[in-house]
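Chain IDs A, B, C and D follow the sequence of writing; residue 1 opens each chain.
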Amino acid sequence: MRFRTIKIVTALGLVSVLAAACGSSKSSSTPTSAGSSSSALPATIKIGVPLDLTGSSEITGVGTGEWAGVQFAVNQINSSGFLGTSKIDPVMFDTQASKTEAVQRTVELISSDHVSAIVGYSLTPSFLAAGPIAQKDGIPVMAVGLSGAGVTEVGNYIFRELLDYTKLYAFGDPQFVKATHATTAAYLYGSDTVTTSGQYAARRKLLESLGVKTVAVETITAATTDMQAQLTAIKDANPDLLVVNVDTGQVPSVLVQLGESGITAQYLGDTSLGSAVVTGNPAAIKAAQCGLFTTPWVPTSTAGGNPLFVSQWKAANNGQTPDFFDALGRDAMWAMATAIKNANSVNPSQIRDALSQISGFSGALGLYGWNNPAAPGQPTYGGVNEQVQNGQDVPWTSSTTCTK
Amino acid sequence: MLVLENLEVRYGKIRALRGVSLTVPDHAVVAVLGPNGAGKSSMLKAISGTVRPFAGRILWNGTDISRMAPHKILRLGIAHVPEGRAMIAPLTVEENLQMGAYITPRSEIDDMQDRMLELFPPLKARLSTTAGSLSGGEQQMLAIARGLMSKPKLIAIDEPSMGLAPAVANDVLAALAAIVQTGTSVLLVEQNAALALRLAHDVVVIGHGEVQAAGTSEELGHDILAAYVE
Amino acid sequence: MFDWLNPYTQLVAAGILVNALLVLSLFVVFQCGVLSLATIGFMADGAYTSSLLATKQHWPTVPAIAAGAVVAAVLAYIFGRLVLHLRGIYLALGTFALGQVFVLGIANFTWTGGPGGIVGIPVDITLAELVFVVLAVGVVFQLVHLSFVGRALRAIRLDERVAAGAGINVARYRTLAFTASGFLAGLAGGFEAFQTGVISPDQYSFVLLVQILALAMIAGSYLWAGSVLTAIAIGVAQQYIGTTDALAEGLLYGGLLVVVMILVPNGITDPRLLRRLTFRRLRPHRGPSSPPTSEASPSGASPLVIK
Amino acid sequence: MLQQTVNGIALGATYSLLGLGVTLIWGVLRVLNFAYSQFIVWGAFGTLIAIENHVPTVFAVLIGMAVAGVVAVFVDMTVMQFMRRRGTSEFALVVATIGVYYILSSVAQDRSKSQIETFPIGGFPHGSVDIGSTSLPSLQLLSLVISVAVMIVLGYWLNRTRLGRATRTVAYSAPTAELLGVNSRAIFALAVFVSGCLAALAGIFNAADSSTLSYSDGDQLLVVAFAVIVLGGMGSVKGAVIGGLALGLVQVYTTLYVSGVFSNAITYLLIVGVLIVRPNGLFGVREEARV
C-alpha cells in the first residue's frame, strides 16, 4: 500500500519531494498465489470478496450478512480439509456502495492481490461497473446477492448465486393468480431503484399475460415516508391484487400504512416479507397478514443441504437463525471452493469451466448447479411460495387458507 | 462613581484607546469631546462591555467591570445608548420601550413608560409604529428613553445630536437636562462641543486615543470651542 | 506514459485528479465569494451528456467529454443568471436545490436510463490524459490569476460594493465564475464516467458534495494550486489510512470541515493566516476584528445583523 | 379528490413542525443549519431507545425532544458560538454545520450499525378519524393539532411575552439586546433548544408514520424543511405552517396528477423557483419584519 501510494504521487509529478522515494519502490506487490510446481493447489488460494458493507441504509444488512456467510463457509472449508492442505484466503473489501470504489478494488484484487476468483458484489450498480473488468481479465466471479437482470450477460466468466428475481415471480405469481382468481391488479413500486423498477416491469408484463388487468400504478422513492396519496389512489381503483416491489427498508412503512388504509386487496410482495426488517417489526408483520411471496430460501426449508447449514450456523452463532444473506454468502463461497476442487487448479479459466459444470451442489438454497446450458451462469434452483400468517412465514400451497 | 484607569482598547493592530483615565462622579454630567475617530465611542463600548479592554480597569462603585458581559453591566446600573441609536427596527416603539425595561421590575414598567412619554412627548403618538419608520429625532428620543427605562444610575450616550436638525437637537438636550435632575449621571460623548458644553459640568477632551485635556466646562470652554469647533 | 504504474495505482491517481477538478470547480466560485452547492449537479450533467453521446451517438471519447463539460457550462450560465442575484445563505440554498434538481431530473427521465443509469461507457481515458488536462486547467487558472479578471474576482470576494464602485461588473464576473465552475464539474463528471464505465444518479450524492466541500474549504479560495495540492494530499493520505469505516470517514471529513472552519475559515492558503503566524500577539480580543466604523455597518460577517 | 386534499394536509402537518423548528433557528441565529437533519434523527433515536426501555410513550417522546434539544444546544455552544464570537462569515457557518451534520450522521450510522430499526408504534395513536366520506389518520391529526398549537404558542411567545420580545431583539441584533440587559447567549441556547425539540417531534412523527427509523431519515426531512421555510418566508412562524401545508398538498397533487416520482423533485424545484421569483417566500414578510 505504502509503495503504491508513493508512486501515485510521483506519477502526478506535482510533489517533487516525494518523487525521490520512488526509485526505491519500483518492485511493488509480488504475486503470492501463483500456483506452482508439485501440488496442483497452492497452500493459499486468494479469493477476492468485494461487498457493499456501508452506504445508504436501504442496502444495510445485505453486505454484512453476505460477509458473515462467506466467512462461515471459509472456516468450514479450511477446517474440514475440503481442499486438502490448501486454505482459502478471502481478501475482503468494502466497496461502500460506490461504483468507483468497486472498480478500483476489483482492479486491485486482480492486478495486485492476484486473486484466483472473486466471490462478491451486493449491489447491481457496483457489479455492473466492476464485472466487465473481471470478465476482461478472465477472473471467474460468483456474484453473491444480485437480484437484478443483466448480470450473467456481462460474460462467460460471470456466475450468479441469486436468481434473477423475475424468474422467481415467473414461478410463484401464476400460482397466486390461479388460487386467488384475481382479474385486476394495482402496483406500488420504488421508482428510483433499478431492481425494484425492473421487477415491477417484469411482474406487470407477466400478470398481464395471465389476463390480470392493471388498474393502478403508483410509485414511491427512497425519500417517500408517507404513502397516503398512493394508497388512496389504489384504494379507489379497488384491485384484487396489490403487487409491491419497494426497497426492503421501506416495506414496513408500506405495510403499516396499508394496514390503516382499509385496502383489502391480496398483497403480493417480495422476499423482503421474510426479512428481519419486516418479521422483526410487530406492526409491519401484523399488517402483512396473508401476504404472499416467493423466495429462493427460507430457514425452514428442508431442500438440499439447508437443514445441515441451519444447524451448523446455529451451533456457531449462539443459536441464532441464519438469514437469507448468510445463506447466499455461504453457498457462493462453497460453490467456488467446489469448482476449485473439481478443477484441481487455481487457473482462472479452469475454475470457470468447473463452475459451469457444477451440478447436484448441496447448498442452503437446495440441490442445484450452474450447468443449465440454456441459462449459462445462472443457478438451477427454483423458488418457495410463502405466506405470512400470524406473524410468521409459512409454506403456501393453493389449498392454504388465511384469514385477516 | 465610575473610574477608568489606563484604559486601552485595540482592534487587531489598531489602538483605539491608549491609556485613558477619567472619573464620572455620582449625580454628574461629564462630556467627552473630540474629533471623529478619537476613540470616544470605543471608550463607551468598553464601559458597557461591548468591547473587552486590552489593558486597564473600569471600576464602578469599586467593582471591576472591565471583563463583564454587557447584560450584567446594565444590571449594575450603567446604560449605554450607542451611536446610531441601535433601534430594534421590527419592534414597535412601545415594544422597544418594553425591551428597555427588560431588567426593570414589572410593577414599575408602566410608571416608567408614562414618565418617558412625558419627557419625550413626540413618542406618545407613535407607540404602535415600528421603530424603523421613525424620524431621526424620534429615534434618538426613543433610544434615550429606552436606555432610561432600565432606571440606570449612569447613562452613557453616544452622539445624541448626530444627524439631527438644531431645533430637534435642542429638544433632546432639554430632555437630557431633565434626566440629570432625577439624579442620574450622564456620560455624554459629543462632537458638537457647543451643545455638550451647555449641559456638562466636567469636560474631557480625547484625541488620538488619549486624554488631551480635562477640567470644568468653565475652565476649558473657550479653548475647546476654539480648538475643536470652528 | 504511466504504464510502469500498476493499473490500480493508475485508477486511484485518476480518481484523485477527478477530485482535484471538482475542488477547482468550487474554488472558482469561492474565489469571488459565492458559496455554490450545485457542483455535484453539474458533474452529473457533464457525465450524462458525455456518456449518452458516447453510447448512443457513438462519439469518440475526447469530444464527448468536451461536449459534456460545455453542456454543464451552458446550464451553469443559464441558471447562474437566475440564482446569482441571491445573497449569502439564500444563494447557498438556491444552488443546493439546483444541484439536486439536476440529479433528480436525470434520475426521472427514461432516456437517461433512469435509476439504472448508463452501462457500457467506453473505459479509455488514460492517466496521462487526465494529468495533461489538470495541468492545462492549472495553466489557465494561473493566467487568469495574473490577469485583470483574476484581480476583479478577488476584489469581488473582498468587498462586492467596493468592487462595483471600482467599475467591476460584479454580476458578469459571478456568472462567468459560475459558468467556469459548471464547466470544470462537467469535465470531472465526464472523466469519471469514462473511467468506471457505468454511471447512475445515486452516485452524485450529498456525501460526495460534503467530501469535495471539505477539500475545497481546507484549500481556501486564494490559490488554485492550493486546491489541487489539497485534493492530492488528502487523497494520498486516505490511501495510507486504507479502508475506513463510515464512522472514521464521517469523523475525518466532518471533523476537518468543522475544525478548519473554526481555526482557518479562509482555508490554509489564506495569506492572513501566514501573516498571523508571525504576528501572533496581535490577535484581536473580543468584538469586531475590524476597526469600529459605525454601529449600523451592514457587515456581511455577522449572521445576526439584518441587511 | 377530497380525500387526497386531506392526505396533503396530513402530510403537511409534519412538514409544518419541521419548518417551525428551522424557521426559529434561522430567524434568531441566521444560520442555515444542515445539522438539523441529525437533530431529527437523534431525537427520534432518543425516543426509540426510551420506548425500548419501557418508558411510557409520552415520556419517551419528551425524552427524545430533550435529547435533540441538548444535542442542538451542545453544537451551538461549542462550534457555532465560537465561530460567531470570531465574527466568521455566514459562508463558513453553513459549511461548519455541514461538517457537524456529517459527524453526527456517521455516529448515528455507526451506533445503529447502518440498520433500519423498528420503531415501536404501539403507544402512538392509530386508526383514523372519519369526517364524512374522508378519513384522516389519527397520527397525522395529532401532528396537525400539535403544529398548529406550536404555531400559536410560538406566535404568542414571540409577540406577547417579555422573553419572546427579547428573542426577537436578539434575532435583530445581539449586541443591542445585550445593552438592554438580555443575556443573548442564553436566548440563543433557548431558541436552539426549542428548535431541536421541534426537530425531534417531527422526526418522531415521521418514524411513527413509517414504523421504522434509520440514521439517514433526516436527510430528506431537512430538504423538506428548507423547502417549507423558503415557501413560507424564512423566519416567519405563520409562514412555516402555511408553507408546510402547502408543500404537503403540492406533493400529494403531484403524486396524483403527475407521478409519485416527481413528488421529491418538485420539492427542490419549488425551492429554486420560489427563490428566483420571490426570495422572501410566497407567504413571506419583508426581511425587516422577521420573527
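By definition in this document, a contact is a pair of C-beta atoms (placed from the backbone, for glycine too) under 8 Å apart; a residue touches a chain by one contact, two chains touch by 3 or more.
What you see is a predicted model; the values in this text were computed from it and never measured.
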item	value
Comparison of A-C and C-D by number of C-beta pairs in contact, larger one	C-D
Of all other chains, the one whose Cα centre sits farthest from chain D	B
Euclidean distance of C-alpha centroids - chain A vs chain D, Å	37
Separation of chain C from chain D, taking each centre as the mean of its C-alpha atoms, in whole Å	29
Interchain centroid distance [CA atoms averaged], chain B/chain D, Å	42
Contacts with two or more other chains, residues of chain D listed in rising order	109, 114, 172-173, 223, 261, 264, 288, 290
Contacts with 2+ other chains: residues of chain A	54, 56, 191-192
Where chain B touches two or more other chains at once, by residue number	50, 82, 86, 89
Residue ranges of chain D in contact with chain A within the complex	3-4, 7-8, 10-11, 14, 109, 113-116, 118, 120-122, 126-128, 135, 137, 140, 206, 209-212, 214-217, 220, 223, 251-252, 255-256, 259-261, 263-264
Residue numbers on chain A that touch chain C, as the complex places them	1-2, 4-5, 7-9, 11-15, 28-29, 54, 56, 93-94, 96-100, 103-104, 107-108, 111-112, 125, 128-129, 132, 150, 191-194, 197-198
Touch list for chain D against partner chain C, complex	29-32, 79, 82-96, 98-107, 109-110, 114, 170-174, 219, 223, 226-227, 230, 234, 261-262, 264-265, 268-269, 271-272, 275-276, 279, 287-288, 290
Chain C residues within the chain A interface of the complex	2, 5-13, 15-17, 107-108, 114-117, 119, 123, 127, 131, 192, 195-203, 228-229, 232-233, 236, 239-240, 242-243, 245-246
Sites on chain D touched by chain B in the complex	162, 165-166, 168-169, 172-173, 175-184, 288-291
